Structures are given as C-alpha cells and as structure tokens.
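Naming follows writing order (A, B and C), and every chain is counted from residue 1.
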Amino acid sequence: MSKTVELARHLEKLHINNMYKNDFYWTWDKTEEELDAIFTVADALRDLRERNKSTRIFDSGLGISIFRDNSTRTRFSFASACNLLGLEVQDLDEKKSQIAHGETVRETANMVSFMADVIGIRDDMFIGEGHKYQKTFMDALEEGYSDGVLEQRPTLVNLQCDVDHPTQCMADLLHIIHHFGGVENLKGKKVAMTWAYSPSYGKPLSVPQGVIGLFTRMGMDVVLAHPEGYEVMPEVEKIAEENAAKSGGSFTKTNSMEEAFVDADIVYPKSWAPFAAMEERTKLYQAGDQAGIDELEQRLLAQNAQHKDWTCSEEMMGKTKDGKALYLHCLPADITGVSCEAGEVDSSVFDRYMVPLYKEASYKPYIIAAMIFLSQVKDPAKALMEMDASGEHRKNH
Amino acid sequence: MSKTVELARHLEKLHINNMYKNDFYWTWDKTEEELDAIFTVADALRDLRERNKSTRIFDSGLGISIFRDNSTRTRFSFASACNLLGLEVQDLDEKKSQIAHGETVRETANMVSFMADVIGIRDDMFIGEGHKYQKTFMDALEEGYSDGVLEQRPTLVNLQCDVDHPTQCMADLLHIIHHFGGVENLKGKKVAMTWAYSPSYGKPLSVPQGVIGLFTRMGMDVVLAHPEGYEVMPEVEKIAEENAAKSGGSFTKTNSMEEAFVDADIVYPKSWAPFAAMEERTKLYQAGDQAGIDELEQRLLAQNAQHKDWTCSEEMMGKTKDGKALYLHCLPADITGVSCEAGEVDSSVFDRYMVPLYKEASYKPYIIAAMIFLSQVKDPAKALMEMDASGEHRKNH
Amino acid sequence: MSKTVELARHLEKLHINNMYKNDFYWTWDKTEEELDAIFTVADALRDLRERNKSTRIFDSGLGISIFRDNSTRTRFSFASACNLLGLEVQDLDEKKSQIAHGETVRETANMVSFMADVIGIRDDMFIGEGHKYQKTFMDALEEGYSDGVLEQRPTLVNLQCDVDHPTQCMADLLHIIHHFGGVENLKGKKVAMTWAYSPSYGKPLSVPQGVIGLFTRMGMDVVLAHPEGYEVMPEVEKIAEENAAKSGGSFTKTNSMEEAFVDADIVYPKSWAPFAAMEERTKLYQAGDQAGIDELEQRLLAQNAQHKDWTCSEEMMGKTKDGKALYLHCLPADITGVSCEAGEVDSSVFDRYMVPLYKEASYKPYIIAAMIFLSQVKDPAKALMEMDASGEHRKNH
C-alpha cells in the first residue's frame, strides 16, 4: 500500500464535508479533523509528486492572487500550488490596474472572477483592514454567484491577513509533526513564541497570532514572550487560552525571553510590531497623515532599539531542552552580522538550522494545494486513490 | 439535445468560412452571420463550461497581450478566454522590455510571436494611432509567416482601439439579446447612447463608436446624444447610418440627453472626449509638448464641467420606457457621491442595475474566447459537438 | 520516415548521457556531440510543432525566470520554450520581491524552487558577477536537493551571463548551419566577429565571447576585430584559440574592421564595451560610487565616438565574399538613420537582411527548449519517436 493510499484511507474517516466549496480564513474556524485533513492531503500530494503522479484536478481555470504587499515566497508558493493542480495564476496587481481609480472591492471581485476557481489574498499591512478586505471580497463573490453573474463560486485561501497567517503556521506545524515523528508526539512539548529585535519596524502580527492560535490545539505548552508594549490582539490570546484548555496543553505569557526559552522544545523568535501602534498606524494611513506616520516610525524604531537583548543568541539557545530546541522562522530572518548589525538571531544559530528552515518552508506550497484541493474536490479521499492508481504522470518521457 | 448541440447546429448553417485564420478589428468588417457565429460560440462555450466540459483546443501555445494603457477587466477577460481554450498568456509589457530603446513594431511583432497563436492588443489612447498600431503589428506577422519566420500566423483580437471596442460592445449586445429574450426582439427598440459628465478627461471614444457601429445592425433605433463639441468620428457615424438603413432601424443624433432618454428601452450614458480634442492631443504627444498637453487637459476639464447636467439621474431614468430602461455601462462608472462628487450616474440608479451590469461584463471573456475559437478552429460546429460529446472535464474529481 | 524520426535516429548515436539532469552554463563546457544533440532536438521540436504534434513532457511544473536586466526577446523565448514543453513560467522579479531586503541568493534559490523543473537566468550586466550568481544559485539548489528540501533538482539554462550567451550563439549557429546547408559546409568559412559603433555604452561582451568560443569549434576561420581598447576576456580568447586548433579552423585578431570583412562569408558587427572598463564599472557599482559611474559613462561614450567609422556600411559589405556575406545580429541593432544618427549598420544593409535576421532569432525558443528537453528527458531519442508516433496534437479541432 502506497503512502498516498494510507493517507487517503485516513482521510476517509474524517468529518470534513464542510470544507467543500468553503473558504479558509483562520485556523480556528476549522475543526481538528479539518486541520488533520489538510495535513493529510498535503502529505499525499507531496508523495504523489515524488512518485511522478499527475495531481491535476483542473484542465483549465484560474487562481487569482492579490498581494497588497511585496512577496516572493508566498507568491511562489501560491503559484506552485495552483500549477500542481492545473490552475493558471493571474495576479491582480493594483499598480497595473484601474483599482486605484476608485473601483469598489465588490465590483473588482466580480470582474476578475468570471473564470476563477480560487482566490488567494495577502493583506497583512493594516490592523483592522486585512481580514475585512478578504471578507468583503468573498461576500461579493458569494453574491455574484447566487445572482448568476459567476458560473462558479471561487474559494479563498488566506495568504496572510492582519489576524492570522494560516498557510505559514500550518506549514510550520506540519514541519514539527514530521520532525517529532507524528502529531501524537507534540503533546507536552514546550513552544516559545517570542518577540525578537529587528532594526525594521511594523512587521505583521499574523505569525505570532497564528502560532498561538494553532499550536495550542495540539496539547503543547505554548509560551508567548515579548517586551511590555508588544501585546498581540487580545481576541487571539483568548482563542489560544480556550484551545489550550480543550487540548490539555497550556498557554502562558511572559515578558522574559529567557523564561520562554528555558527547556523549550521549539523556539520561534521573531519580530513584530505592537498591536496598539499598528492600530494607530492604520488610522494615520487612513487620514493620509504622512508626518504622523514618519513620527510613529521613529518612535517604534526607538522602542525596538530598547530591546536589542531579545535575540536568539547561542547563549539563549543553550537554555533550551538539551540546548537543542528546534528553531523555527517564517523567513526571511534578520540575522545578526549578515542582513543587519543586530537582529533576531545569531548567524551561527541560523546557519545550524538552515536545512530544517528550508524544509519548514517547503511545506507551504503543499499546504496551500491541500486547502485548494479540499475546497474544490467533493470526494478527496477517492480522488487521491484515483491519482495513486492512475498512469498519468506529472513528467512524461 | 443539449444547448450546445442546438447552438452548433445553428452554427452549421452560417457562412463563416472567412473567419478562420482571420483577424478581428472592427465589428463592421464582419457580416451579420459572422457576428451571429460569435454570439453562438460564446453561448456554447459558456454552456459547456457550466456543464464542466473541457473546451481546450490548445495543448500548448501562447496568447500575447499588449496593453498600451492600464487595464484590469480587459486583462482578466483576455486571460480567462485564453485559459479556457488552453493558451497561456504572455504580457508584452513595454516597461519591462527594450521596446522603449527604439525597436520597431515590425521587429517586436515577430520577436514575441514565434510560438503565439493569438494576439490581443488594447491601444485606445491616441486618436489616429490605436488601429494603425494593430494593423502594423498584424501586417508584420503576415509577412513573417509568409517569409517562413513564423510557424503559424497568429490571429488578432482587438481589445480596444481608437475606433472600435468590439469585445465590449459585443458583450453589451449579447447581454441585451439575452435580456430581451432573443435577437429578434431587439428590432424597434430605442437605444440612447449618450455622453455623460465625468470629472476625468480624455476617455476613449471607442465605446460610443462601437455601440453606434454595432447596435444599428440589429434594427434598433439608435440615438447618439452629446453636448455640442463632443462629436465622434464622422466615418463611424456614416457606418451607423448605412447600417440603420440596411437593418430597418434608425440612427439619429441630438444635443439633448433628455430627447435621447425619452421612451428609451436601453440607455448607455458614458463620458468621452471630443474627437477633435483627442486629435489635438495626439499631435501634442507626438511633439512632446507637455505644456500644451497640460493646457489642453485644463481646457477639456473646464469644457466637461459646463455639462454636469448630463448625468443619468433618477429623474432622467424616469423619462425612459416605463421608467425602466435597461442601463448599460462598460465599467467602471463615475458614480455621483461614490467615486466622485458629480459623475455619470446617480448611485441609486447604478445600485439598482448592479447585477445586470455584472452580467453584462460576464459575457466579455466568452466573446473573446469565441473570437479566438472561430479564428483558430476550422470546423467550429463539429468541434463544439465533439466537446459536448466528450468525457473530458474542465474539473476532474 | 519523418524528419523527426531521422533526427531521433541521429540522436541515438550521440554520447550525451552527461546532459541529463545537468546545467547549461557555457558552450565550451559541452562536447561536440552534446552541442549536436541540442541542434538535433531543436530541429525535431520545430518539425513536430510544424506537424501539430504535442511536445509536452510536463503535465505541470514551473520554469523560473530571473532577468537581472530588461529583456523582451529572451523573456518571450524562454516563455515559449517552457510552454512548448508544458511548463508554466514564473518570473522572479526583484522589484516585486523581498530580495532587496537582504535575502541571500541561497535562501531565495530554495524558496522559489520547491516545484521548479527549470531555472532560466539572465545576468549580463556586471563583469565578474553574472556567472557567479548563476553558479551560486544552482549550487544552492544542488544542496537543497541533496538535503531533501527540494523534490527535484531543477536544471539551469543560462539566458546570458557576463561570459557567454549560449542560447543566442547557438541560435546564430543553427541559423548558419541551415543557411549553408549543413554543418559540414561551415568548414573554412570566414566569420568576422567585429566591434561596431553604437551611441549607447556598456553593452555586454557575452555575444562576441560566445561567438568566438563556439564558432571556432566548427572549423571556421574566426576573426575577432575591434579598435584598440575593446578587448574581450582573455580566458575566452584562449578557449577560442584551443578550439580552432582542434577543429582545424583558425582564430585571429585584428584592429581593422576592413581586414575582418575582406572575403568574409559571415559578418557579425556589434557594439560592446571594453572588458577593462566593465570591470571598473562593476567595482564602482559595488562601491556605490555614482559620480564615478557617471564619469566612466562619459569617458566610454567619448571613446566610442572616436570609432564611428566602425560601421557595417554598404561599402564595408562590398568587401565581403562576392559582396554577399551573411549578416548576423542578436537584435535589436543600432541602425544608422533609424534608431540613431550613426550606429552599427546602414539601414539599407539591415533591411536587406531583415528576413534572415528574423529567422536567426526564430531558432532561439527551440534552442532553449532543446536544452531543457535534454536536461529533463532520460531517453530523448525515444521520447521524440514517441511524440512523432503519437496522435496527441498541439492544437485540436
């Protein structure tokens, strides 16, 4: 029995009817079995690809990508996932388009979606805006479909919003599932999701929020550490608490990086901006107050600079379980002495974990493909088995 | 019998041999049967897609798109059409390319077309230039093909030029054909193609010209209304007159929006620039006279502002047939109080017609696909029947 | 027997096992039989396409293109080649990406390659940098593959570096092979690879270097002509000398354009920058010395201007074999009186050779496709025969 058949049989047992034709906004919208299904399909698609089996479900069709911020990795991950399933990516680039001329989101959403099967949106810049944009966009498509404007109702993959970064955090989690030899081995593992110093400012909160909102479901002991003033969204902290209570894990907070690192099995040191400051920034942008924005930037950089000791140094790594915690990062990292004078991580630490970091990233295209697959295929277990049995190859000759 | 088979049988009876391997510049180049064929194939492709039938005619091949102006809708429509038929879009972006370094159109045309099956060009900015550019480009490819440089002679879809906007106007027309329950019901319907105020300047004339050049062939009573000074190209007016005489409809002109709206079945209020001013602008651009361009812009904006009463208000809509004329627009519209202080249309009117407007737009990808299909498939009726009978799906599993 | 079968039988006899899963940096890395294989596959793919046979080897997969300089022709050639084989192109545009934020090449290389089969890189701007970048990129992928990060190890097509321009020069050579009726007819032909005046500065050396490094392998008499001070890389001159010695041809240098043109069968007059000046420029860029760069530009333009007599005039063409040497250019050319006041070639000469020039360019997509094919297909002769026998069409209906 191939690995894919094994995975498909596992998939058959999961209650995932709700995923078909549905969107992916946040991991906490999804049940444990639904998340399990995504990991299962991701592993199966990877296995099929390794064995040169075709995984196309589309003969034609478009995946629309919308990046409201620069992006290489996520862009390529989405393009790879779409291509693997037979969709062609069309990028809605606001600089190329007339959107700046005052089109409403509703109109644009319909206009670009006549032949779209999937929409991928990254909108992480402004607290209070990213998720709202995605929701408005998809509501418009729901309406367009029920009004008979669209032949099909495309499904959403949230490629990062102001609240969650589900494709990143699920790739992170699939990585540690494989690293520790199975999801059952994650119970009781200590995870340090900690703030780290970076000379840049205004980095999104979606990764720390996504991590505490997801990892707490696995029975892990999740510690969120940051200097005072770098709080994340309270709604997400509440979700993390509830998750931990249900899963038999824990969710704690501290203002000491060291406390988080001590005996940790996994560390995820990463810079982010204070939630309150990001809210302020959103308002300044809305008001077009450039002087205010510049002033805020200076203030935040100065605030960051007070916490240069929050860095993933060798000394700090030494405090983790056997000095060998698994180091995670969504990349790119600010590496001390490499990409900046002082940053999130020592170069010797980063270099030691380079291969695991690349593996961590390698799951993202498969996670995205699995999200698309489960929202587009009615009987995903049967589809995987058919692909496994099929003589159709990804590469011929 | 499926709808597609029905449509294919209709197609069989049409005399359309001239479409194969031919270009689409202007609707008035085409016979009534050729236009009928495009509507027929567009409806069939949509029916096939709704029934999840594969409509790929290409296993590989490129659709080259050239946009000499920003564009979201047309870009996505062309990409959707190409994808539906199996072509991959490659965009010739002059900013990315060396064209600015003085390459001639002829050379560029050949260099990008070695594996191109279809060329889509939008060049609507400069009166006297858009069509010329398309013609020069396609003549070069004709020559390249006969010289043995190109393996195939790609066919053109005019995605908008300075004279006509055939993909838009045919989508508009297919929309009203379906809205009124068949092309036979259009006879005697009154259409008001009218100028409307917009705070922007220099909008292309291709839509009003395309509409009067096409709708007059359907036996409709087409009224072109605009303030004095906003005349369109006299050559196109002449075509509209001839069409009306042949089709048993009429083509009239007026300087009163109200006169056009009274008892109209269909209204198409839209801003455009005066033809003479656009000719002047082309010359100023050619001379690189920026001061002249700026002065012209100010003059045109001031001229526009004298006609703010040319707006599709509720009051004006009340004058149409039963107060319920079908409102058309190529989108995006300048909506009073939404995208501008005063514009082409009241927001309450626009909102009431939003769903029909989106449906109108939804025909465009299928119109483009039908144009490509008819220029690339030797026996289109047979091809549609084979697709209908085939077990190949657009989406599998 | 079809042309493709004939070519496939020839291919069977060649020793080309080393090409599978291997990169293409420079032509002088490859054996004569390997180069022969590329020409053979290029001709076969063209024949298959002309006969409407499908040449897809990929059902899905990505071709990653990286252009560190503007490019239309090479961009479209690469896209055409990928499309012909079933790969979708994803362009890594540094302006769109976070690379500018300090990502290392190694990290980027892995991040964009999770589902990539082919990498195409053009990096010709800076002497000493272009090849190094390609090598660093591919070494990172080799490592990523052996570390288990990547499912496959993509192969490289050098789309131009600071040293060689193999896709261009092999297209040039395939053109002259067909022009002279076979590779055996090239022996003893005189080729003038000469510098020519252009009003722009800093053109890459990769074409003259590629030509002398490749054409000398065919038993031709290759003359490199340029004004004093316009020397190319000495390493490549050495390769040309060794090639000529082995092939029974010759490689000579002169500072007289006329000497090179006299009795030449083929002329390739083209501007390039002096190697030493390009080395200097690289250092100025690395130091961020804009004043130095500007000063260098002025100096080089002035130096160029001393050699306006180095132009491919009618008079100069008259000195070639029967006045009818085959004129080559990689395009776009600087044409006197057309794209500039005084340039590389008289417009009457250029116009007379326009069709051959376009044919020359038309080989490039097939050369690229052949490079990909030979690096991705284990038994290329068998694959071509299967494609020839297959009923699968590129265009259906």
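Here is the rule we use: a contact is a pair of C-beta atoms (placed from the backbone, for glycine too) under 8 Å apart; a residue touches a chain by one contact, two chains touch by 3 or more.
Nothing here was measured: the structure is a model prediction, and the numbers come from that model.
Trainee: Stepping chain to touching chain, what's the minimum from chain A to chain C?
Mentor: The fewest touching-chain steps linking chain A to chain C number 1.
Trainee: Are the interface residues of chain B and chain C largely the same numbers on each copy, more than half shared, or largely different?
Mentor: Different, since under half the interface numbering is common to both chains.
Trainee: Measuring centre to centre with CA averages, how many angstrom lie between chain B and chain C?
Mentor: Result: the chain centres lie 41 Å from each other.
Trainee: What are the residue numbers in chain B that touch two or more other chains?
Mentor: Where chain B meets two or more other chains at a single residue, that happens at 56, 88.
Trainee: Flag every residue of chain A that touches chain B in the complex, lowest number first.
Mentor: 56-62, 88, 90, 92, 96-99, 101-104, 107-108, 110-112, 114-115, 117, 144, 147-151, 376-380, 382-383, 386
Trainee: Under the touch definition given earlier, write down the residues of chain B that touch chain A in their complex.
Mentor: Contact set of chain B toward chain A: 46, 49-50, 54-56, 70-73, 75-77, 79-80, 83-86, 88-89, 331-332, 338-340, 355, 358-359, 361-362, 364-365, 392-397.
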